[in-house]
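Letters A, B, C and D mark the chains in the order given here, with residues in each chain numbered from 1 onward.
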Amino acid sequence: MSLNSFGHVFRFTTWGESHGPALGAVVDGCPPGIPLTEADIQPFLDARRPGQSRFTTQRQEPDQVRILSGVFEGRTTGTPISLMIENVDQRSKDYGDVAKAYRPGHADYAYDAKYGFRDYRGGGRSSARETAARVAAGAVARKVLDGVAITGWVSEIGGDAIDPARFDAAEIGRNPFFCPDAEAAARWEKRVDEARKAGSSLGAVVECVATGVPAGWGAPLYAKLDAELAHAMMGINAVKGVEIGDGFAAARNTGEGNADPMRPKRPDEGNAGPAFLANHAGGVAGGISTGQPVVVRVAFKPTSSILTPMPTITREGAATELFTKGRHDPCVGIRGVPVVEAMMALVLADQKLLHRAQTGR
Amino acid sequence: MSLNSFGHVFRFTTWGESHGPALGAVVDGCPPGIPLTEADIQPFLDARRPGQSRFTTQRQEPDQVRILSGVFEGRTTGTPISLMIENVDQRSKDYGDVAKAYRPGHADYAYDAKYGFRDYRGGGRSSARETAARVAAGAVARKVLDGVAITGWVSEIGGDAIDPARFDAAEIGRNPFFCPDAEAAARWEKRVDEARKAGSSLGAVVECVATGVPAGWGAPLYAKLDAELAHAMMGINAVKGVEIGDGFAAARNTGEGNADPMRPKRPDEGNAGPAFLANHAGGVAGGISTGQPVVVRVAFKPTSSILTPMPTITREGAATELFTKGRHDPCVGIRGVPVVEAMMALVLADQKLLHRAQTGR
Amino acid sequence: MSLNSFGHVFRFTTWGESHGPALGAVVDGCPPGIPLTEADIQPFLDARRPGQSRFTTQRQEPDQVRILSGVFEGRTTGTPISLMIENVDQRSKDYGDVAKAYRPGHADYAYDAKYGFRDYRGGGRSSARETAARVAAGAVARKVLDGVAITGWVSEIGGDAIDPARFDAAEIGRNPFFCPDAEAAARWEKRVDEARKAGSSLGAVVECVATGVPAGWGAPLYAKLDAELAHAMMGINAVKGVEIGDGFAAARNTGEGNADPMRPKRPDEGNAGPAFLANHAGGVAGGISTGQPVVVRVAFKPTSSILTPMPTITREGAATELFTKGRHDPCVGIRGVPVVEAMMALVLADQKLLHRAQTGR
Amino acid sequence: MSLNSFGHVFRFTTWGESHGPALGAVVDGCPPGIPLTEADIQPFLDARRPGQSRFTTQRQEPDQVRILSGVFEGRTTGTPISLMIENVDQRSKDYGDVAKAYRPGHADYAYDAKYGFRDYRGGGRSSARETAARVAAGAVARKVLDGVAITGWVSEIGGDAIDPARFDAAEIGRNPFFCPDAEAAARWEKRVDEARKAGSSLGAVVECVATGVPAGWGAPLYAKLDAELAHAMMGINAVKGVEIGDGFAAARNTGEGNADPMRPKRPDEGNAGPAFLANHAGGVAGGISTGQPVVVRVAFKPTSSILTPMPTITREGAATELFTKGRHDPCVGIRGVPVVEAMMALVLADQKLLHRAQTGR
């Protein structure tokens, strides 16, 4: 977790800006001998790709990934896997406004304050375009996680939540919102369309569950599984909150109400470990996985790119106003789903290997 | 952030168990020449110390800190600062139950699943007692953060929140709940007392604000200030959720409602940087501090140590029941305040030095 | 220093194999605002480039570097700098022998033993071709090291050493051996030619000096300047020994003979710090630079790629013999000079920033 | 390898000064379930302990180690192992001279240049006393290295080398020099005595071999086994040179002379891997262990603590002279043997776990 790398032993480094020639990830520490081709990665990039519906930015990027190293005869060699995605649609546009003044809610001012200087084209390094590199790296992580299934979805847009009783995993891929509740998806279509037309934007909540994670992953005390998930998720563009299991609801509960009692597994459930009667904890206790599903919930703010002019200042400190022209996401949380899934995979793959390092299991 | 160390260049490592002879922290990378004595650290340990009111565990620990290295003639030398706290009240008690079966909601099962083995006395390494070491290290971090003020408080217990309009920082130290709202404190006294008497427990929300943080701290993309705060906070015992700024409320807002517009500072405000008209972002944009107050909110679950027997299994896999005998915290979130403050300080000190490394400022 | 990354705060990660499509380095943590173009990097790659004389391998690689990120309008932005070099001359060749059996002295067997699998084309990741990525990264490091001059040379080939009395820095660039002694260069020409014609190979010693390093760089105890230099140099392909200052000669000396006494500087020498009367220590004391020239000496073994057949075994464990067909370096130490210089620069740049992190200077 | 920590997944952190109350190491990432008591550690500390013969410093330190955490019921728990050694013989002495002026060859000036300030009592953090903490940590590492035997010895003092033909491992423990050649030991006794009486000092070469290391340990390219050994050894106090295998002699050899050919193992040798016909490489190829003995050679300079006055400067920059009063080691290399062994063990244990992380073996 130093600057542009993430992970302990399964580690990735990303590079690239919104409007540079390309962006990429270097995945290091991957176990050798794992079958890997571009075809294992591309579907996840396709899921994140912009311009696929009117509910996301209209920037057109094929996001074709190339594997430049670390794979030989279709299998990983154990050496660094370099993944590259070329930028194609860096639309030539007048960045004069953004170059001169700070967009409120964006990283513009903070980057200038830090570096004294910034690549203002499309947000430069702070652009959500970088998340393509995470998704590519995450696809490699999934290959390391044999037996683990990771599923993410949008559970709430602009405060309108799905009905858990109507949750249908099969529905997630059938609408442009990664929504597991068909009725909510229908409501959101109207809602997001209105926001889009008004040049406004909406926040969203993304939920992600990993099943098949064995008990024992997570390295207390400063590489706890939940802490690393919090780090991974909070670091995604536009994220402002992270919950594990019941999250803030647990803070409003009692010890009895929040308990996850255990009973012995029945023979038909396998014999290893307990069966849990609840999962308020979200699959993590003491920073270590319990064998239950690992549950994380992530809050995405509404993008600050809106048509309403907002007061701001120029680099020289004069008052001005800015609004966002052109392409933007009316609800960035939607495309956050593949990114949240990728970060879940990247944390789990790293923890799997870290656990193996210490215990040999 | 590798196992038991945290931080990049200002880095600390903790060690020790609940019922071992002592626990401690080694603080590495501290700038040289900073005045430091035990008296700079002790007040923060005293604030966290158990047994000070009937609302916290009755374990009696003086938590006297000793500086064993890294300080010469009252000033830090730039070499590792070893801090040690002896355990005094490891009450001799029958741990037979806990040794044989897993307390639901505790780390017992997870530790056994990971290590095949655990120190069951008082939770061993998973005990919240370890947070004393964080608080000691955090006191050193505060010395590095000249000009930064860090204040934490409990904003909610068992779902009963303070009234923001009644917020009074001076009130925080006047009640046993770190509560800034005297009326809420009165309500909580009754509430927590009831829980204590019933052998039940309550969750809580802790809020923490750092003012005086200059714009520019935080190292995108994988050492973002908000991501590191999320890591730091989620890693505290019993924490299940973390928000930066508006957090999940932002996910229910629109781009207009969530905006943090800027205007030029007036001469009486100093001339560097913008004045912000709101702080929905909680002082962080693009993972970098903006110069606004850094705001974090942390959800503590109710402790799983309750008097109500809960179904569980033994190490051999047989069904049994367990309840907690003896000392416990009816609301662990209360004593979380000094820990949250310490983690805030530790993240900020590290980011200050990391920023200085790259930019020389 | 984790797998394929090196450095603490100025950190680089390399990727790529001998016969893949490309190789590269991602430089992270570079200070912002530094002027940087491909033209700052190319000359160092040109110095390392093979095929420039008959004394190095005849593989033809233009080694053109491309900057893919981290630079905007000719200056570094503080975000990751992605450097890529395409492989051009991956001569199609029959690798059947090398695929089936282990070349003695090469990494073939070790890679198979580690990964169960290897990219045998040109040595894959273990090829010295990877050092091009180090040299590219090193060129960026040099830009960070304003005021520091780094000069490397070959001081010995096959046991035939230069005469220190004849040392002439200007001579280094005038012969194909990076030799500062014209007479030695003449002798080496004959010597290396003989080895080349005989299909044999020769070892070499490379020396490197950095001047202008201020006193104070190096972070004891486990990021000492000399330890990091030893790590950096020993990690270069074919290196088997590293000395700082007098190295092994110091082990044969007495305390009096090895002393580096000091006297006050004269006004014309500047007033800061002492003037040293000797530099047996090679510019490092207690792991920290003293302000004297930093001196390192590096032993390169003769390449194992020779025409003489050597007994070895196949992957299946049968006895066989192998010899190297085709292109190779008769003395790999020669092209080690730009690599040693690069590693010196990379260590120093990192230590400069690490020192700044802790002390603010 | 960040400041005062070393290692990737088996990691230790040391703290403490020569004249503070204590020093120690925190060992993190140790596999759980390993039997460990103080009695496993003490013999190695006893070997390093000063004051055991007239050939080492007369400082009297029992160097009793205490395990403060990480062990429960005689076995490691997988949590941090805190090891503490109290300083006993911090002889009250007048440090006025050393406080005011810089001892040539010592770290005094460098520490002041770095930190602006130093603990001058006995060298503070730069004292070789810290190596006790390494030796304690190394004893834990040995427990992780089941099947690996590590043996170190002094092979040369003041240029007088052992006769390899007379090498007898059993001899090492029979003389105060860790000398495997009884005749050389007899010569050294006279030699070191003379140096001691003259207030002079001698350099030494320490050699260390690890047998039983399986093929496959070492993580190319920036955590190569040889590079990490070089780092580990060069970081020991007074070390100026490191060789792997033939080291600098390889640089004077030809490819044929330096070859390590292989043949199939005979049935009585076991069937895994090749039998090597030589070990010029010192057991490492491409940064990965080959299954041969791992061989490292380390050059210790003569200590700078001598009776002969040497020119130096005061903190204020005035000319003066200093010589060492009181206790010192006439040949610090001798007590380097247990430290070199410890660092070998620490590197190997870390690499074992790092290899296991990536490959599961």
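Keep in mind that, in the parts below, contacts are C-beta pairs under 8 Å (C-beta built on N, C-alpha and C of every residue); 3 or more make two chains touch, one makes a residue touch a chain.
The shown structure was predicted, so the numbers you read here are calculated from the model rather than taken from an experiment.
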| item | value |
| --- | --- |
| Co-neighbours of chain B and chain A - touch as defined | C, D |
| Path length in steps (a step moves to a chain that is touched) from chain A to chain C | 1 |
| Which of A-D and B-D has more C-beta contact pairs | B-D |
| Chain C against chain B, contact positions shared by both copies (same if over half, else different) | same |
| Chain of greatest Cα-centre distance to chain B | C |
| Averaged-CA centre spacing for the pair chain D and chain C, given as whole angstrom | 26 |
| Cα-centroid distance, chain A relative to chain D, in whole angstrom | 45 |
| Cα-centroid distance, chain B relative to chain D, in whole angstrom | 39 |
| Set of chain A residues in contact with two or more other chains | 2-5, 8-9, 14, 29, 32, 78-79, 114-116, 125, 220, 359 |
| Residues on chain C engaged by chain A in the complex (per definition of touch) | 2-5, 8-9, 11, 13-17, 20-24, 26, 28-29, 32-33, 66, 68-70, 72, 75, 77-82, 114-119, 121, 124-125 |
| Complex interface listing, chain B residues touching chain C | 8-9, 29-32, 78-79, 220, 353-354, 356-360 |
| Parts of chain B lying in touch with chain A, wherever the complex brings them together | 1-6, 8, 14, 102, 104-107, 109-111, 113-116, 125-126, 130, 156, 158-159, 195, 200-205, 214-224, 226-235, 237, 239-248, 250-265, 271, 273-274, 277, 280-282, 284-291, 299-306, 308, 310-313, 317-319, 333, 355, 359 |
